[in-house]
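One chain, chain A, appears in both complexes that follow, with chain B as partner in the first and chain C in the second.
Let's look at the complex of A and B:
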């Protein structure tokens, strides 16, 4: 792992040193350690993502080496370097680490760095949330690391099939911790998706319509949309699983009707879009590099984009092709065979488009091009072998074998190959120095040989069952070849780490644009770019990139980016927030913008993530909602409480902190023109929440159908408390509307009263619910009593958690309103209202489903 | 060998084109075609890529970038021409893929239909951590060994006693998920008497690597003789050959058993 650390130092040293003078007096330079803890700048965050993801690459790679050593020969029980459970842990952790903690974050490191530059934005829409995404990601990875030391990490494979994933079969605390680490990771992804979608839809430079967005940014846009929905579905699956593991609900228990099948549906509904989520950014890198180095524009650009859009939509309709051998019927199999073949075809078009783009160009075989060219070769092999799996009769036999392993490694690690090309491509931009071209080419040669030596023999040895280390002896030579390839591939990265580490210090200084024929905007600024990216406002209104001097911008056009997060710069009592509003209203000159320019530093994302880490670590040993006996249990419980205090405290601190998002002039913002960033962000977040509840309701309906719809007696036999709560919530929606009206009329006490009433009604809802639950517990019903009780308590419990989160915000808003906030700027009240109405609407679905039907 | 199972009159024209027969036969026939065409397409496409990458390498003089075509930093992205070629290739690949998969779909229908109840031997398979139990029509149950007659379709009904497993005999090209609370069905016909291995193809816990069973394909008359001597009484009898492995495997079970 030490090999990866130089990357970090390298980045730190060569990072964008030049903070514009006077911008941020308390924002330390890149050489300072403090900088990296407080930064909210997208380029810093991008570098943090890249360096951290490379750590996880090394960790996942070492686990892969352990597996490959074990597979050198068929092992009888007790032979080999890994015990059976250790092998299963290595298999599971390798998959989870590579897919979640390496691949996507590596790609999103580039996305963070490059996308705002390509769009002409100074930063992402919500810089602190961007830092929060990173820290949640890092802490989720640390939590996953901790799981190894809690009796062993999760050992049920990265697909986590039920019921092996419940404590009956995987009782280690570490297995729960791994699941919780994934929950934290999903939180990071959701925050990130909301941020990227808001930024990419709202903050494009004038003239940069969606059609005109560069292809790398296009792939990130589609990836973020897929992430928003797919990860919400995964969150539903993970929350149910966490509840089964920690609280004792019985969704996935062996005895549960169709619990195992439910998991496969929930997991693969996420799992297949995930394939494209990790591959699309690689495709974007390919598209950029395939244009730059042959010096040709891509062939069929709009068809290329259309193909990607089709894939992104259709990716949510192919998941059952992972389940051809389950009990689904022929009609469903046929349907999913068709959608599967359908989704493969757009990729044919993309591959041909890339190939034809090279033609008639002047191809320069630099390291980035070599990697991307190699990636396309590997992807073609991965694609062809994937067609085999699309033929259901063949899939029947390939299921669970190394054919699948070889195929998806060709595709996914093929994607990694392109991303490594991306790392070489953007390295000069990020560090301001060139890498060593010879060492880069050497890396490619060793990498490419190692790759094929590792994965190609696995096609030949395809009859080996997956996740097994006792295989037919005649297949041993192929596995030995693969093991050798695994070491060659892994060691090739040493060349890269050495090259990039050294070059970051002593490489030749890189010009703004080291690649002839590069066209995208990141190459039009210095290497590395200034803190706020552009000197002047970028625009494409005349069909090409120009920078307008900030002073020329008409005052009326100057807009602030709106509040970041839930509640900031809301015209409240904090002095600078008030000043921001004043500046916006009265002094929108370039000078004023200079003074009130965007903030770049906040420690709270880090603290908040550390708090969340402690909460989840503290909760990890729960079983049947009880901590273990004795000191250990007490220590865990204390950790959870301490974490809760830190989390809540840092949320409040973040809310009170004066922080300004990037100042920008609205350019292209389809389809959200004229809508505030904060509002767009809230809508996008709520869209993912719809999928989360959709997952829970889907799980309920699926379980109930398997159980027998009519034989299922609703758990609260008395619907009256639920009915009362329906009225309470509807009334509270009304008071939120009143609060907004009062705020707009600048009627302070009306605002305070309405918000207070909302809070009291919410408390009333919870008290009523508490009494109802108390009554049910008294009747002997508990979460683990049966699956009917599980679905009731968990689904309405998730809703109650949403109510509690809303009440925390309501309390905060009430207190701030008391002190005179929100009268100048009522947006925070409006966003809270959106959330609160959503929570009420969810209840309107839950009430009939759980109390009446 | 192939046509015995086929209601030949049903698809008179296709019977030659669409592979029908044992699971091994249909798999091998389709796999061969896919492998052949896949290799062909792969070689053509990769060869074309490499050839052109070499041909248009910088300095070869083959490529030319006109002034008006020249990529300029900061331009709005646009595409090159060549759409016709793109679509020609796209439609060709589409025809290959769609026709290949449609062709295999006819075999899928055949495989899904399965053998008729009258001629097949029905065996219930139950997976558990970490082994397989087989129950014959007369109620006879064995653990770790499945005996079947050659040349007669065997219909398997598969489920599990604990976690998700997957029952597969790779040499006989038969496989199906073993899902808690669900039953799945599949079938196979073995041509050659001999001993084969059934394995678990879904990660199921510590003993997953060793979750195998012996599949003994017997000449029909020998099988009949053996079957006549079985009764429902010796339920869960495990044959001597399997005893050892069963004992070893039980040590891999988790301490907590439901």
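Let's look at the complex of A and C:
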């Protein structure tokens, strides 16, 4: 599916005020299987994320065990349990699965569950898009799983360096499928980022200014911002790579100027922010738990937040520290060494704030605290060893060794450690039951020992070359120790699974707030919270959380908080929580039936994701834009077409489905106060699309600089077809403007005509482009002719894909307008216009760059 | 908001300036001068479309900053990556 669709939906989801009441979404209880396929509730989606991510943890873990067994002794080719290519696949798939399909989704499970509660929102801004994110994530993971069975999955490492990533070196169909699975995953992430950013900026309870937002939510906010931009750059990289693999363009081919370097730039521009994207939520858990169990508000809260904001910004300015051994010039290496040192400073501040908070409080050593405390220690070791790598001269030595492997496992799995703490921390809230404290502590002890037994020896044996199963024999004892540690660490999770699984059914019932001193809003509602989170409208107007009666609810009853006061925003306000209903003893109200109010069920996110899955699976065996010969090729092509039909059909169905998002009264909405959720979502999406095209144009400029700027002739010898297309697009932008004017004046036929004209002009644009391409093909130019032709066809092709996506929406809008829609509420037309004008703007740059200059 | 007349005027300006870009190419200026003029024209058109057709001028400034951040990120990648080759 194209990246354009999520944004297109953003307008359709949640933004509409359909006639209230009377819709028949019967919403099954949590015990019903059906519930989990149709749910759009943030808490359900959160649980789905957590469970699914844990499944991928097990999968990635088993792959790691296979590697550790292979590494018990230095092996020659063909020795050990894994064949050489199988080993490479295990290494690559392990990295990809853990980073993408386990770590971030695990964190976003908590984000889904907890953030709306902490904000005082009843759900995310676009609940159906939230369900869509989940299903895209799940299906992308399944697609990755399928890749193992298509000759073998990708084997070029999680960094997917060029030119190993092109079919010349990784020819299996499965390798392409793995790349496409990542594309689908990025679609999920983009939808999710847009949703979270809109929600977190627009839907905070009255009085909950950003300053006062709890720290876990803060980390998620910053993570979502980083995801929005970083994953757009990754999408650019992946689409170019997919095109090289499937269509035959030659960006990353050996013979292209600086092709390998281009990949490292695109990948690490994403990759460095990515390491903070996986780490920040863990930091958020640490911050929450470090306040709850020592019973202290965090020291220097304002500075802590400021440091995180700085890190989030700086994370986009250090990427070349992963490229110290490439041919980039020395000045730029020095510059990035300095920025790398710079980024470690705010981290120091955060670490000290956490330590100080802990020292000033009176610690209670519960399981969540133990995990989070362990995580801090591990992170400190990982951070210090990272500073070594940030120094150019030292990195000349360490690059490509197990020092790097040990470093990033300390930081990343250190993050996992904190998130596991988060799982214990929020488990009572999610299930309404307590876990077994003894087993929790036992888990921690075994985990911590296993962790260090596994990763510390890797520092000692740092001279082992990375991703290779042969090493100096004298290092073998360290590797054997690590293998033992790997099994201890992995098996420690059995204790957790047993504990949590059993406790979810027979654990002691959990009160609203099982942790004395926990002060964030999720602890002020029942465990688990009711379907719509709060009985009444939450507000922080008077500096603490209160619930305003929605009317017929029972009269509110004042309750006093704990010893330090149950300050319900951790922003420094101390006060009591007021609750409308004190149903402590009552068990989940989650299944409470609701007659009216927001919808919670839609099957279309699931169907849409299944369709997208089929499309990508169907396209996976393409090479040089051709399906394989014979039955197999035909079967794949059919799959792709069927998937396309399902995708389109479910998009339309989703557009037509009456679905209303959460009702919300505008509270704090900085900096987007007064702008509709749908519009904010659309702009946030467009900002990511700016980076997507930025990545493509950046790739073009970079390649052209490497080639010699002025020696590079534009592909079309004649700029006139391009100029004609510029005229067409400008005119179509103008007709979209006229459409909106007509809609606002309630001129039905003016609206229909303008939208129809836009559609026709868009078709004209595509026809003209098709003719031009035809002409170029006849001249003997093809995508694979040279990198000049590749950049021309792919960049303008991506733009054309945006036009096509826009036309699908235009057609839909025209048909609805024909039947009288949009005269009362023209927002859908407006949001479509924003997208369409953006596509126009992109062309305003493509035209001169690819036709004239 | 904006009158249809102003929209039409902007549309005319965009149309003409696209034409001028091609004329500049054939005007026989030095490559880099032509490059500069053409890119400035593109940027000016983009600003017009964003300010009026996407009516960013009449929205809270935060939306403009939002797009600006995306733009800065894209430019940072392009310029720093290209510079690293030199």
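Keep this in mind: the second predicted complex is superposed on the first by the 782 of 853 C-alpha atoms of A that agree within 3 Å, B and C clash if a C-alpha of one lies under 4 Å from a C-alpha of the other, contacts with A are read in each partner's own complex, and residues count from 1 in each chain.
Assume contacts are C-beta pairs under 8 Å (C-beta built on N, C-alpha and C of every residue); 3 or more make two chains touch, one makes a residue touch a chain.
Model, not experiment: these values are computed from the prediction.
K.L.:
Looking at A:361, would you say it contacts chain B, chain C, both, or neither? Reply first, second, both or neither.
P.N.:
After superposing on A, A:361 lies in contact with chain B but is clear of chain C.
K.L.:
Using the superposition on chain A described above, determine whether A:750 touches chain B (first), chain C (second), both, or neither.
P.N.:
In the superposition, A:750 contacts neither chain B nor chain C.
K.L.:
Tell me the contact category for A:151 with respect to chain B and chain C: first, second, both or neither.
P.N.:
After superposing on A, A:151 lies clear of both chain B and chain C.
K.L.:
Applying the touch criterion given at the start, work out whether A:690 contacts chain B, chain C, both or neither, answering first, second, both or neither.
P.N.:
After superposition on chain A, A:690 lies in contact with chain C alone.
K.L.:
Counting only touches as set out at the top, which of chain B and chain C does A:258 meet: first, second, both, neither?
P.N.:
Both chain B and chain C are touched by A:258.
K.L.:
Which chain, chain B or chain C, is in touch with more residues of chain A?
P.N.:
Ranking chain B and chain C by residues of chain A touched puts B first.
K.L.:
In the overlay, answer first, second, both or neither for which of chain B and chain C A:294 touches.
P.N.:
First partner only.
K.L.:
May I ask you to decide whether A:84 touches chain B, chain C, both, or neither, giving the answer as first, second, both or neither?
P.N.:
First partner only, chain B.
K.L.:
Answer with first, second, both or neither: which of chain B and chain C does A:834 touch in the superposed model?
P.N.:
The answer is second: A:834 touches chain C but not chain B.
K.L.:
Could you list which residues of chain A make contact with chain B in one structure and with chain C in the other?
P.N.:
Chain A residues touching both partners: 258, 261, 323, 706.
K.L.:
Taking the touch rule as given, give the residues of chain A at its contact with chain B in the complex, in rising order.
P.N.:
Where chain A meets chain B, its residues are 75, 77, 84-85, 87-88, 91, 155-157, 159, 161-164, 167-171, 207-208, 212-215, 254-261, 291-292, 294-304, 323, 325-327, 330, 333-334, 337, 341, 344-345, 348-349, 351-353, 355-365, 373, 376-377, 380-381, 384-385, 387-388, 390-394, 396-397, 399-401, 463, 465-470, 472, 513, 517-521, 523-524, 540, 543-546, 706.
K.L.:
Help me check something: in the complex, which residues belonging to chain A touch chain C?
P.N.:
229, 232-233, 258, 261-262, 265-266, 269, 316-317, 320, 323, 328-329, 332, 671-675, 680, 683-684, 686-691, 693-695, 697-698, 701-702, 705-706, 710, 719-720, 723, 726-727, 730-731, 733-734, 736-738, 741, 833-834, 837-838, 840-841, 844-845, 847-848, 852-853
K.L.:
Spell out the residues on chain B that touch chain A in their complex, using ranges where they run on.
P.N.:
Chain B residues touching chain A: 26-27, 30-31, 34, 38, 41-42, 45-46, 48-49, 52-53, 56-59, 62-65, 69-83, 85-86, 89-90, 93-94, 97-98, 100-101, 104-105, 107-109, 111-112, 129, 162-164, 166, 168, 170, 173, 175-177, 179-184, 186, 197, 199-210, 248, 252, 254-256, 258.
K.L.:
Could you please specify the touching residues of chain C with respect to chain A in the complex?
P.N.:
4, 7-8, 11, 14-15, 18-19, 21-22, 25, 31, 34-35, 38-39, 41-42, 45-46, 49-50, 53-54, 59-60, 62-63, 65-67, 69-71, 73-78, 80-86
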